[in-house]
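Two complexes, one shared chain (chain A), two partners (chain B, chain C).
On to the complex of A and B.
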């Protein structure tokens, strides 16, 4: 299929998808985010069967289908940066101006790393394995951005 | 194994481009539909023609909800039965196979389209695929999630900048022979290595270009295939598998879902050892590092042996992505359907300058979701 069409009198329409909407945070999600917002505590849910502690919260262990919805455990607000990238492009959905570090942080007591922003270290010097701590946001957004970012301990 | 077989009777691809602003996606689908009709002579007769269409499109890229309804006429679906796959288009082939095997229909048209260029940012659309509280809020998208996977995988497999550059150089060499590919300019390894970091360790030339395209196929039952082609390509096996949604729940280098999908597809196809029984592979490599990673997941080399696979000539042995692959530019929601179309052309001996000799069996792969959450595997035979 070749593309030698005539472009005379051809035009495009500019559009924009913008629809205000809502999401229920969920019973577990609400508790998790309120703990961060009001108490500066990060909570996980532990499967006693597998011994695995999950964050963000969910009702069932994905490995063994044990219901874990009530088995809250308090995680540390510090952890290990287990993986990272340096975001060098700009886009409207990004919470920061590039370049910045987006990392996977395994909080003390958790098995599943959280994705979050790492500041306070030069992107050229960051390495996996460093210890980082949560810096809580001054203003709430009722999302995980109630942790503003992580920074080296 | 299924006792009945399903054939791909014809495939049609629209040429991929980075900004086909002067083509509506409706017009692109119409080109595909007309070409499939020209190849096979199929009709829309109520008794003997196509009455079931499986389509694939993305509502966010089309900026239109229930995006199939707006293109029904050019899908050939007006006045007929139609369903849209809300997944990568390779799954439309799996769905069409199931429709035919069930006896519900003996002819199915599969049609997919996507114009990535219509949106200001395809990464913004990918961001909307994440949950609003934990993923979207931190700005996750397909590129930065892939970058996390790339770093972890390069370390595990010993994959270097030179390996990645080699993949891109080879991609372009094959894409130059594929008239449907998007990025067809030859590049040197030095240019790839010198291209700016987009999202470390992913460089600009490691990422597939923004792409617009459309692709379709006619599938038929074994009884009817000969009416439409004398070179049927048979579906020997199809399977898919979904992994955990949250990135942190997954080992990003383990290929859990792909191994499951491949294992199931191989079993259905009666393949005991894929390394001995596969002649050609088309993997959906949105980023260069994904080519060896998905090859590991397909079982064509061992875990963490992707770099060695490249060093030992695995790409030529298994004829990996002779189309140029997704890296040469296919839109994200139908890049796997393009893989299947290319694999089918190869098995039919119709792949032109990129044709490989002596093919019996090929694999087409696709993935959706950040860092390969969901994988699909299609086995095709001559």
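On to the complex of A and C.
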């Protein structure tokens, strides 16, 4: 049996649900962001036991579980692009219009890569291994976007 | 001296003679060396012999000690206060003992009373302390062209009445309440102090009724930016912590379907279109595709109302803030359960009742719908119900 339905009064209501959220950067995350915001410096945490330097900061060494929360070291604002992907789809929550390069940058003095946007080079020409430098944002927002992007040296 | 857990390594050694129990240590003959590394650390030697104790600081190597304890200053204080388990510290190598650790763990609690961190007197700041510094904290650059008098009536301990006058880029505090005032705020002195020190959130204090505002609400909200934050004298500046407040939006689409679509089309014409179950005959309002009792498809629409009768109701006096936004509804408000004329008897619909009618609301009262000025065929067309005066006067 086919259903008989009168669709003449059907309509669609557009809605928007607002969800107020609060995101806490944590004690170490705050220090990391404040150094970028106020001093234009990128700080990492070094494990003296393993010699490994982490960025973004973490409280414990991932290898030996040593507490490294107070062992801040200043990293360079330049580094090597060790890996990348090209973001080709756009959505309103994304920071840039596609296509853009999302890179893993190993800063001078760090052992772990920092993920950030790479600009100033065509996505078709980008290669792992190039040297890039941080460009700090003129207007700060207390987020990782206080580094606006990285660009080739 | 660096503090850990609210005290210092040095204080632990300084209080050692006071905590020593000579009668328990008559048989003891031992020299214990302590090495605490890091900030606030150092080397100490405790010599216990026949009921006597000698504590000394050591500059060079720890010599002549039967047992030595090596740790960092933080762990040392933590273990002494019981904040860090001694066994945990030992097994994680944060605390090393050269000698017999078991012997020490049995001996030390016997010959010393436990160490307690010195109590700190909390800094007590009253509303008076805060308000009298307001002129010093004034930021003329933020109050350009502003002219207002703000009255504070702060009740309870440390309270009083003050008027803050802002005019021509200047700010003055005067005792008592001036007349007229741009805005007057009444609250307990401790609420005011809490808001100024950041332990009470201003919005919450207001929505929960702890702050009473008379006069210009906008002026009350604007005052904060005219002043620098109050800082407790002698307090060390707190570490800045980053916390972002973000309101995320989720886009949604709600499709009415044919049955609810027909209901909304009815509202546009100021009609209540219920539907009637072919099996049990009951009217469903709002209509649904299937009778919820008989589980059969429902096709027939019938117009009910527009007037109806209140079967029962709730009156809400408590303004519970929305946990997400802190917004509160105007209280009291009433929810009336209305059976519209022509509906089957158990089909009551919940409706908001006009606020002015709440005192006269009774079970069995006749009500009429209150429509929006313009009806467009949406859920906003029907504002609620009001008592039907025409029938009331009969």
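Here, the second predicted complex is superposed on the first by the 135 of 153 C-alpha atoms of A that agree within 3 Å, B and C clash if a C-alpha of one lies under 4 Å from a C-alpha of the other, contacts with A are read in each partner's own complex, and residues count from 1 in each chain.
As a working rule, contacts are C-beta pairs under 8 Å (C-beta built on N, C-alpha and C of every residue); 3 or more make two chains touch, one makes a residue touch a chain.
For clarity, every value in this text was computed on a predicted model and none was experimentally measured.
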With both complexes superposed on chain A, which partner does A:55 reach: first (chain B), second (chain C), both or neither? first
Could you tell me if A:81 is touching chain B, chain C, both of them or neither one (first, second, both, neither)? neither
Where does A:47 make contact in the superposed view: on chain B (first), on chain C (second), on both, or on neither? neither
Thinking of the overlay built on chain A, is A:20 touched by chain B (first), by chain C (second), by both, or by neither? second
Once chain A of both complexes is superposed, is A:104 in touch with chain B (first), chain C (second), both, or neither? first
By the touch definition at the top of the document, which applies to A:29: first (chain B), second (chain C), both, or neither? both
For A:143, using the defined touch cut-off, is the partner it touches chain B, chain C, both, or neither? Pick first, second, both or neither. both
When both complexes are superposed, which of chain B and chain C contacts more residues belonging to chain A? B
Give one of first, second, both or neither to describe whether A:118 is in contact with chain B, with chain C, with both, or with none. neither
After superposition on the shared chain, which partner residues are touched by A:12: those of chain B (first), chain C (second), both, or neither? both
Common interface residues of chain A with chain B and chain C? 5, 7, 10, 12, 15, 17, 23, 25, 29, 33, 142-143
Counting only contacts in the complex, chain A reaches chain C at residues 5-25, 27, 29-30, 33-34, 142-143
Flag every residue of chain C that touches chain A in the complex, lowest number first. 239-258, 261-262, 264-265, 324-325, 377-378
The answer for chain A against chain B in the complex is residues 1-3, 5, 7, 10, 12, 15, 17, 23, 25, 29, 33, 54-56, 62, 83-89, 91-96, 102, 104, 106, 112-117, 123, 128, 141-145
What does chain B use to touch chain A in their complex? 12-15, 17, 20-23, 31-32, 35, 60, 63, 120-121, 123-124, 127-128, 132-141, 143-144, 147-148, 150-152, 196-202, 244, 246-249, 252
